Every structure is written in C-alpha cells, then in structure tokens.
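Take a look at these structures.
Both complexes below contain subunit A, partnered by subunit B and then by subunit C.
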Partner chain A sequence: MSTEMRADPGLYDYALRPPRLPDPPKPENDHLPIDIEVRVGMYEMQQLIRQTEKRAHDLFLQNLVKGTTHLSLGMEAIATGFARAMRPDDYTFATYRGHAHTIARGADIKKVLAELLGRETGLLKGKGGSMHLTDVEHGMMGSYAIIGAHLCIANGAAWSSQMRGTGQVTVCFFGDGTTNIGAFHEAVNFAALWKLPVVFVCENNLYMEYTPIDLVTPVEHPAADRASAYGLEAVLIDGNDADEVYVTAEEAISRARRGEGPTLVEAVTYRQGGHSRADPGKYRPSEELQAWLDKDPIKLYHQRLLRLGVPESRLTEIAQDVARRVDEATEFAKASPRPGPEHLLTDVWADGGSEWRN
Partner chain B sequence: MPRMRMNQAIAQAIADEMRSDPTVVVFGEDVAEAGGPFKTTDGLLIEFGPNRVRDTPISEMGFLGAAVGAAATGLRPVVEIMFIEFLGVALDQLVTQGSKFRYLSAGKVTVPMTIRASVGAGLGFAAQHSQTLESWMLASPGLKVASASGAENAYGLLRSAIQDEDPVVFLEPRRLYAVRGDVKVGSNAAIPLGQARIVRSGEDVTIVAFGSTVRVAVDAAEQAEFSAEIIDLQTLVPWDRQAVLESVARTKRLVIVEENPYSFGWGTEIATKVASELFGDLEAPVLRVTTPDVPVPFGKALEERFLPSTSYLLAQTRYLLETGTLPRPWWEGGPT
Partner chain C sequence: MRQLLTPSGDLVGEAPFGLDLCVRLYRAMVVARSYDRKCVALQKQGRLATYAPFEGQEAAQIGSAAALEPDDWMVATYRDAAAMWAQGYPMELLVAGRTGDERGGSPPDHVNVLPPSITVGGHMVHAVGLAWAERLQGSSRIAITYFGDGATSEGDFHEALNFAGVYGVGCVFFCQNNGWAISMPRSAQTASETIAQKAIAYGMPGVQVDGNDLFAVYEVTRQAVERARAGEGPTLIEAVTYRLGPHTTSDDPGRYRDAGEVEEWRRRDPLERVRIFLSERGRWDPEWQAEVEEKAAREVERAVELAESLPPPAPGDVFGGMFESPPRHLREQQATLELYRAAGEG
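Moving on to the complex of A and B:
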C-alpha cells in the first residue's frame, strides 16, 4: 500500500503535481457594456490595492508589521469588481485576506496602513491588525479569521436589511477551502431558504493554506458544483477579469435587491504569493505559477484599456498618483503614535470597559 | 402579582419586549408554530407573525451567526438553543464572533442579542442533555451571562437581557420550567444585570447560589438551626462583587453552591475573590458545594446523589459552622 502511494510523487511534493493552468483571458469581454470611466476607475482601484499591499509586504519585511498578513496579490479584480457594483450602504464581509475588500469599499489607506502598524490612527486603533480590518462607515463589516463564521453572520445582516426594508445587499467573500466547513453549508442553505439579499463569493485561488483544493474536495468547482444542493444556480467566472466580475456582481446584487434571493458565485483566481507572509508557496508547480503570473489581472486590464483607446499616459499617471498616495499613507502611518494603555480596556462592553465589572 | 410557571414568565417577557420594541425578533428550532419544545415562546407566532418569529433549520452555527449579523445591523434577536449542549457546535459565534464584534469595530457596533438556553440536570435527560456548561462562556470578555432561578426573576432578568446592548447568554434551569411563582410583570419589573438579590438575610453564614441551586439554598436555610443569608447572583458575568463581599464581611463565612463540576466551576472565582479580599476576617475556610467531576448520570437515584441537594448542603454547612474547618465532599467521605 505505502509503496504504491509513493509511486505518485505528487502526493509527497505538491510542486510535482500537474499544474492547474488558467483559462485563457477573454478578449471578447472588451465588449461588455461598461462605461469607460467606470473601467478607468476599476483600473485605479486595482492599482491602489496592489500597491498598498506591496507596501504592506515591504513594511512587514522591515519588521514594522507584526504577526501575519494574507495578501490578495493577483486577486484584486474580485474585490474591485464587486465593490464597484455595490451601493455605499451595502455590507461587505470578508476574511483575514481582507485588505483588498476594505480598500475597495473606500477605506482610507492611511488608516489601513496605520492599523497594520498597530498605530492609534488605524481603523481599529491598532487593536485589530491585518486579519481584522473593519470600517463600518464604509459598509465593511469585518474581516473574520475563523473559517466560515462570517457566512453565517452575513446572513444576519442580510436578514436585518430585509426586515428593515432598506434594500441593502450583503456581499460575503471567502476562499475555496471554506466550502468544506459546515458553516458554509449551513449558511448557504439558510440564505436560500429565507431568500436573503446576500451574495456569496468564493474566491477560488486553488489552495487552502498549503494544500491544493482539489486534493481535499470531491468536486471540481468547490462552490459552483455545490450550488444545486441548495437550489441555486452554478455561477462560475473568471476572477482575474474585473469586467467579468463587475457584470456578474451587478446582476447578482440587483437580483438580491429585487428580493429574488441569494447568489453563490465562484470566481477562479490565484494568489501570486504564499498563503501568509510566512509562506514562500513552494508547493506550487513553477509552470502553474508562471502561467498565472502571465494572467495577472492588472496587466490584462491595462492591455484592455489600451485596446479600448485609453492613452497609455493616462494609465501611467494613475499608477504614479497611486504610488504617491501610498507613500503618503506610509509616512502617515509611520509617524502615528502607538496607542496608550488606556485603549486596552475599552470597546469591550457597550456600557464600558473591563472596569464595568464593578 | 400574577402566578405562573417559569416557561410562561419567559414567554411573557419576550412578548412584552416584542410589543415595546419592533426590532425584537425570535428564532430557533421549533420556536414558532410549536411554541418551543419547552413552551417558552408559546403564542408569539400568533401575535407577532412569521416575520418576527421563525422556525430555523437544525443549524445552530447558522442561526447563531445570523443573530450576530442581525444584531450588528439593527435588529434585536432572541435566539433559543434548545439544550445548552447544542451550543457546542456553534460556540465560535458566541465567544469569538458576537463577543468580539464591538472590539473589532473600534466600539462602533453593538451586538444586542440574547441567547436563551435550557440547562441542568434533574429530569433524567442523561449525560448529553443535562449539563450547565456556563464555564464555556465565563472567560470571554464582551459577553454577559445570567440565569433565572425561578419564575420570579426569569421575567425581569430576561427583559433586561433583551434590552441590553451586549450579547447576553440567558440560562434557564430546565427543571424549573414547570414550577410556578409570583411574577412581577411590566416594564418596571426589569431586573438589572450585574445585580445579585439577597433572597433571605441571615447572620451566621452567606450562601451564594445561582440558577437551580437558589432553591436548594433557600430550602436549606428554612430547615437550618443557624441563620443563613442567601444570595442569588442572578448574573455571573459580571457578578455582583459588592453584594457578596458586603455580606461575607458581616457573616464571616461563605458557602457557594453550584450545579457544576467541582473543578473549575464558577464558584472558584467567587471563592478566590472573597478569600483574597477578606483574608483575615474569615472565621472558616470558603466551602464549595458542587457536583463531583463526572458526567451527569441517567438513573434517578444516581442523579439525585449527583446534584447538590438541600440535605447535603445542610450537612456540609453545619460541619463548617461547627468545626470551623472544611468538610470533605461526599465522594471523599465527607458529611452528607
């Protein structure tokens, strides 16, 4: 038995497994009916996410960011396309891989970087950190670090807006690995049953932490193939094409707003780095990594905008302007004070800090 | 004061909150049409309709999570966990999600939800449906934990729990559901969380009880030749340190009676605080009367032996008062 297993070296070194290559980009998506200024805006947003996250990584290497970070490098199109299709009062729920979603909803990157550095000016006064970015003023209802939990919570927010009749829609992002925990199944069942105004978005980056998703999942498409179990349609899209994401998001969100219930979207993508900052991602076949780097969402979008007649100089200006903003935000964060011990005891109970316990 | 069973007091508290606050919603397994397995939500569906009173699938994680999200965005959910054990499959939503939302939103979001659960032994439900398990929730800053000790305070405490801006776990000793009591009702009848109740005053010893053990303590005090002051904590998080310390400062002796295992039970916290603060004033060691460290047995005789009974509490307290030394628990050969 054991010798037989060793006959498949891919089980002992995942990098030796056959690569999972991306579908080719879709030039036909150039013709999706999306206003050119919306597209330029999405280009800018992807740049903003990419450059902020790269800076976060640099700050990490300078030992200024403690703990861990989970980057969305290569996955920016999903956060961008969805956020663009959302109303300002819609709700976002994300995972510990949540920088992109926080920024896409309009959070100030100064406060984002300050939070990563644990400063008082951060989104959560330095008490949440990279895994918990939250900005309720922008509808960003939290980054959750227990797999699956927030799908259940997102349902509650969706139900609440349904009850209050506000027309708000909740969009909840999670990974491929999350489709194997019970919370996913309870939540999708619940949302379908109560016809909740929620959109579940599986960002399928082909890996959980270090294990390829196909080794631990009995179906090819971890979210889409399970949709029918809950009476939902399978929606499988190219997560590296912001335009495809955007039109999918528009449709799913308007369905939800019309009261027609939830949608489960699987957006196929790839994380260009490791799972977290501690992970060099050596378990990935190099051919696979290269193919996905070639399908970089920003690079492809850049080419699309050129094809659509946006001058190269305008795109360069955008990228430079973003770089300047990221530099400014970095300076702001570095110059910000660390929170004093008085902050340690607050924000626990609604009627006070720990001193409330008489 | 109307006289009613504890489950009726609970249903009435929820109904009164639903009348005064349209954001209060109720959901859980079998709570709507059936009125709850213990009839604690009886009549709510008829009066408030299926939007506000809903039956859920068997998805504790799913519906507890929905309560967190709903509470964070403008509703005031009251959810029922049929037996506290079922919280095990959903504990994350309580101790890691609901209780941390406020903290992880820089204080901008509150989570006003109430999780009601039936607890405790005494009805022959055996090892997986008879625990109290409050220790699961005590060390989770952001949560509050309260318990009814009968119809009398179930109404008032539950109204406060529902009105509270934080997640509150409200425990209901299952064996008291059918017991009647005189219940003060109405909006002035809310009992503040965090406040203990002196059920009976006394001179010689303070007996601190919670939930199901309050009755045990009161019965013991009525039969005793000594004078016992009985404190019903009502809320465990936060517990009323002041009330307990003031009482023990007078009586100089403390007995804690708990329906939970001896090791790591909630009484250890009370004992530590009192022993530290009143060190030197105490005339006897702090005594904890608990269950042994074993699962809840099924058979009636064993279950009765397992639970701290009135006669056992009396025998233990009597020994403490007479000798000034600590009695062994019965399972180590102590007085019973």
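Moving on to the complex of A and C:
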C-alpha cells in the first residue's frame, strides 16, 4: 500500500498530558474499626517491605544481582492490607512486581534477599530471582512475568479449593495494564460465572511500563469500570491507605469464603520509582511524582498512628528493628553460597527431577 | 430492547425505510433462507462439508448488512453467509468454500468482505485493524464484525473492543446472541445481565435490539454505522435472536435443549412479521410469495452449479493463499509433494 500513514497528532505525546494527581488522604479512615495492635502490625509490615526493597535496589546498583527488578515502593499498603486479612492457608498470586506480596505473606526476608542474590539459601535456591518469588509454605503461589496469565492460574487454585471444600480464598494481584489483556477478561468472566473463591486486585499505579494507562484504556478506572461486564460490583479504593485496603480485603475475602463468588478491587496507587531497575521514570510530570510522594502510604500511616495515640518512640523502635533485620538478612544473603551445578536439573518438575525426556 | 416490528407484524415506532426497500430486504431474507436450507440438504447428500445453519437469524444479518455502504468492510463467522452475501460476497464462492475448496476464500478484489472466520473471536481483531487502517488513510470506510454470544467470552473480544474504544476506531461490533454457543446456553456464558452492557467496559455505547426485527436491526445498525463513519467511534450491538437449527450439521440440539424453546422462537420468525407487515399494506400475496421463492431457489441453484463446476483443486493448491513468499519448510514440503506426484504419474 502506498498511502501514507497519518496518526493522530498528539495521540502519543505524553508531554501534553495533564498530571494525574492523587485524591487527598482520608483522615476519616482513622475511625475504621481496626484494632490498634493490628494497625501497628501493618505499620511494621510496610516498613519491612519498604526497607527490604530499598536494600534490594542498593544491591542491584552494586551489581550483586543479575537480571532486573520491579519494586513496589509507594504501593506497600496494598500488599500489607490484603495479607493481613488473609488466612495462613489462603493463596496469593502476584506479578513480577512481587517482592511486597511475598514478604507480606510472611516469607523470611533472609531467603528473599538470598534469592535475589542468586544464593542456595534463597526461596528458590537462587534459581528464580526477583521476578519469580514463590513461597508455597506461606501461601505465596508465585510471581508471574506473563501479563494476565496468572489470573487464569489463580482461578485454577480457587477452583481447587472450591472442589475440595476447604474454604481457602485466592487473592490475585495485577497491574492496570493487565486489564487490557484478553486473559483478564476470560479469567474474570469465568470466576464470576462459577462463583470461584477468588479476589482480583488491580494495583492501579497509573502506568504500564512507560505508558500512562489512560492513553490505552477507554474508561477512567481500568478495573472498576469493567466490573459490570461480568455482573460484578465496582470496588474502587485508595491503595495508599492500608486501613482502607484492609477493610476492603476483609469484606471481599469473607464474601469469597461464604461461597458468594469473586470481587474485583481496584486500588489506586503510584509507584515511586521506575517500572524496573533500568527505568528512571522520567516520562512522568514532576508535579505528579511530587504529589504522590507527598501521599506516601507509610508517611500517612505514621501520622495516623500518632493521631491514634501510638507513641512516636514505639514507631521509631519498629523502624530501627526492621533496619537491623534487613542488615542481618543482607549479611546472610551475601555470605550464602551460590547453588552448585548439582542443582541445575532439579526442581523442574513436581517430582523434583528432570527426567521428562525418558 | 429496541423493537419496531412486533412478532405479529405491528409497527410500534417509525419505520426506518420505505416500502420498496422493505420489499427488497424481504426478498433477500427469502433468498437467505433458501440458501441455508439448500446447504443443509447438500451436506446431507455429501456434497458439502460441515455446515452451520443460520435459520432464524435472517433479519439480524440482512437488516444489519443493509445499513452498510457497498465498500464497507465485513469480517464475519461461519454462520454469517447471509450477511456476507448481502455485502457482495458471491454466493457460489460461499458454496465453494463449504465444499472445502480454498478458492471459496478468495472473493473478487472489489468485495471488502473477509472469508468467514472459524476461530471464535479471532477475527474481531482483524476488523478493528481494517477500520483503523482506513482511518489512518483518511478514508471514511468503516468495518462491521459479526460474532456470537459465545465469542464475547474470548480474550480477543476484550482486546478488540478495548483497542477500538481507545482509538475511537470506526468499527461496529455486531453480536448475534442466538441463545447458544453449541450446547452452552447464554446463561452459562457470562454473569453479566446483557451482552450490550459489556460496552461500558470499553467506553462505547451498547445497544440491545430484537434481532428478529428487520426494522429495528436496520435502525440501530444504521446509527452505529453513521457514528463510526463520522469518526465518533465504535458501537456494540447485541441482536437478540435464536438459532432454530443445530449448531452445525454434525450437532443434535435435542440433546441439550427443549423442543418447547424452539417452538416459542418459531413463533417469532423474522420473515413472518415482515410478511404480515407487507401484506397489510397490499405488497404481499401468496402468488407473489411463490414467485419470490422460485426466483430465490433459482439463484441458489445457479450458485451451486457454478461452485460444483469449478475444476477440482490440485493437491499443491493447499500451499497457496497463505504467504506472499512461503517459508522454507513449506517450500520443502511442496517440492516433496511434486516429487511424489512425478513419481506416481511417471
């Protein structure tokens, strides 16, 4: 064809887009009926995720880790609120942006950092790395790099608990960009029809890689505005408020446990860093980034706990204790051996072997 | 649900076209039904491969196709021969395609209709691509794509509608909700109340229409086509209809659905209500009907003769029509075939 292509001018021009600013924090959520010790626990968990991930980033910059990493800096409240509302035998499915979810379910950060450093003591004996964190013992059923694919796998896990009648609930996390993939559509449609005990959580951080989500999505809320297509209610929450996440999670999870089927939650948030290690995130208006840094979930939660009467000294102690644990974990990881060649062909199949060719 | 002509032939709104066009579309529906029944008969005689009948869906297909310009794109399925024929796909090629002759999939250049898609949902993405390409080239040509209720559960449906919604692509998504996807009823297909409401997820209008009502189908499609042509973006239409026959000639619907349900839909026959409408306006009588049917039968017969008189395809033709320059492994297979044939003949 000889005709010249004419794209819409401005269609792809990020620079012309207005910044997407956060909704203001909700001081009224101070009054949500959540036990203060649960709240202090969620503060500690957010600190643990934040500090471990910052350390992971440093280790990457020191070239101690091969491959890439996708951090959840600024998104910690979502992993924390959901994990807190889950039963120990519930299942988590996450994306390559999965450190937070792994830690929130209770994985040992020594094993997490060792895994990132490719050491034998890691969660996956150093053979998985950042994008594949898995800890079955803690219900963390894996981090998946193929956009959308794990929603179908999560359905399978949920279906299995439905059949076995165990009351287990599966919580599946994914990004805003994922809502435009066919697998999202097939999975949510199927789960709604079969009333599977699954909660789909869209962590809407406003970007898919370097593309602002509104450039590629014809509706304002990528997940919430899709709910009606599956006969589900729209659930749109502030993903930077651990308490709001927690009460939403409790409700969705108990609904699923009662056999009333799935919930599709959209938690609006922001990643403070780039998409992955290699990305400085310069395509985002600085005014936008600043507004979201001001709405940092940990900073806001810290202020809430002070308003609720938790002494500053207790919070400082928690942060310092976490820092100590992260240092210890770092030393542990660095001192651990790399997996030897005898591990090369193990853990490929369920029986632990690699004899599939025979 | 939009309805203009009730099953008993009463007009409950304003007719979207005059009597002459109405007569023409009625004739087209008669031809379509004649074609459909002929194909079922031919399949039973072993002259056609598996066939997917559309009896009951004539108004949905003829009414929507009539709302297009002759050069608009159409991308449809195995059950949409009536729509494709109405948009200019030669009937003899439709028949030839069903005999298993690949030439049935190559319409003349001026016909902007793609060969029917067997892959459920996959073709919707192609329709979006065609419509988008037309827009990028500054043309006002639009595309319409046909699919069933079952196709709406496919990931391709989601990706196609999402893309069209984002870029405001001039594509009309025409869903014939015929109640069934093989043996799966609509109620087991999706938990959403209507298919039309799925449009919300893609920021486009969704309309539910009585798919057995020629008038309403024409009206809502016309509006969607005009919207698309004006650059205002896509529309999702849910035409509520019913497949009166089996899924294909190798299916026995008696195993999964009630005869009562079929009877109920027979009473909502899309041709009958137009017949009553025309008859009340002095444009229909039994002799005319006989004449229309006879003409239709002749047209179908002619197409079958043409299709069956095509010289049989050669074994090597199976390699044609896929690649502009075939990859090496296919060229090797082709060479091997030629060797065998030479050996066999020599």
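Rule of thumb we're sticking to: the second predicted complex is superposed on the first by the 334 of 358 C-alpha atoms of A that agree within 3 Å, B and C clash if a C-alpha of one lies under 4 Å from a C-alpha of the other, contacts with A are read in each partner's own complex, and residues count from 1 in each chain.
In this section, a residue touches a chain if its C-beta (ideal position, glycine included) is under 8 Å from a C-beta of that chain, and two chains touch if they have at least 3 such contacts.
Nothing here was measured: the structure is a model prediction, and the numbers come from that model.
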Pick one for A:193: touches subunit B only (first), subunit C only (second), both, or neither. both
Could you say whether A:62 touches subunit B, subunit C, both of them, or neither, answering first, second, both or neither? neither
Let me test your reading of the model: by the given contact rule, A:182 touches which partner, first (subunit B), second (subunit C), both or neither? both
Once chain A of both complexes is superposed, is A:232 in touch with subunit B (first), subunit C (second), both, or neither? second
Touch test for A:313: subunit B only (first), subunit C only (second), both, or neither? neither
Between subunit C and subunit B, which one touches more residues of subunit A when both complexes sit on the common chain A? B
What residues on subunit A does subunit C touch that subunit B touches too? 182-183, 186, 189-190, 193
Which of the residues in subunit A end up touching subunit B in this complex? 91, 93, 123-125, 127-128, 132, 134, 136-137, 141-142, 144, 146, 149-161, 163-164, 170, 182-183, 186-187, 189-190, 193-194, 346-351, 354, 356-358
Taking the touch rule as given, give the residues of subunit B at its contact with subunit A in the complex, in rising order. 25, 51-52, 54, 56-57, 59, 61-75, 77, 89, 92-93, 96-97, 101-110, 112, 141-142, 144, 164-166, 194, 237-242
Can you check the complex and tell me which residues of subunit A touch subunit C? 1, 3, 5-8, 11, 180-186, 189-190, 192-193, 215-219, 225-226, 228-232
Which bits of subunit C are touching subunit A when the two form their complex? 136-138, 153-159, 162, 165-167, 188-193, 197-198, 200-204
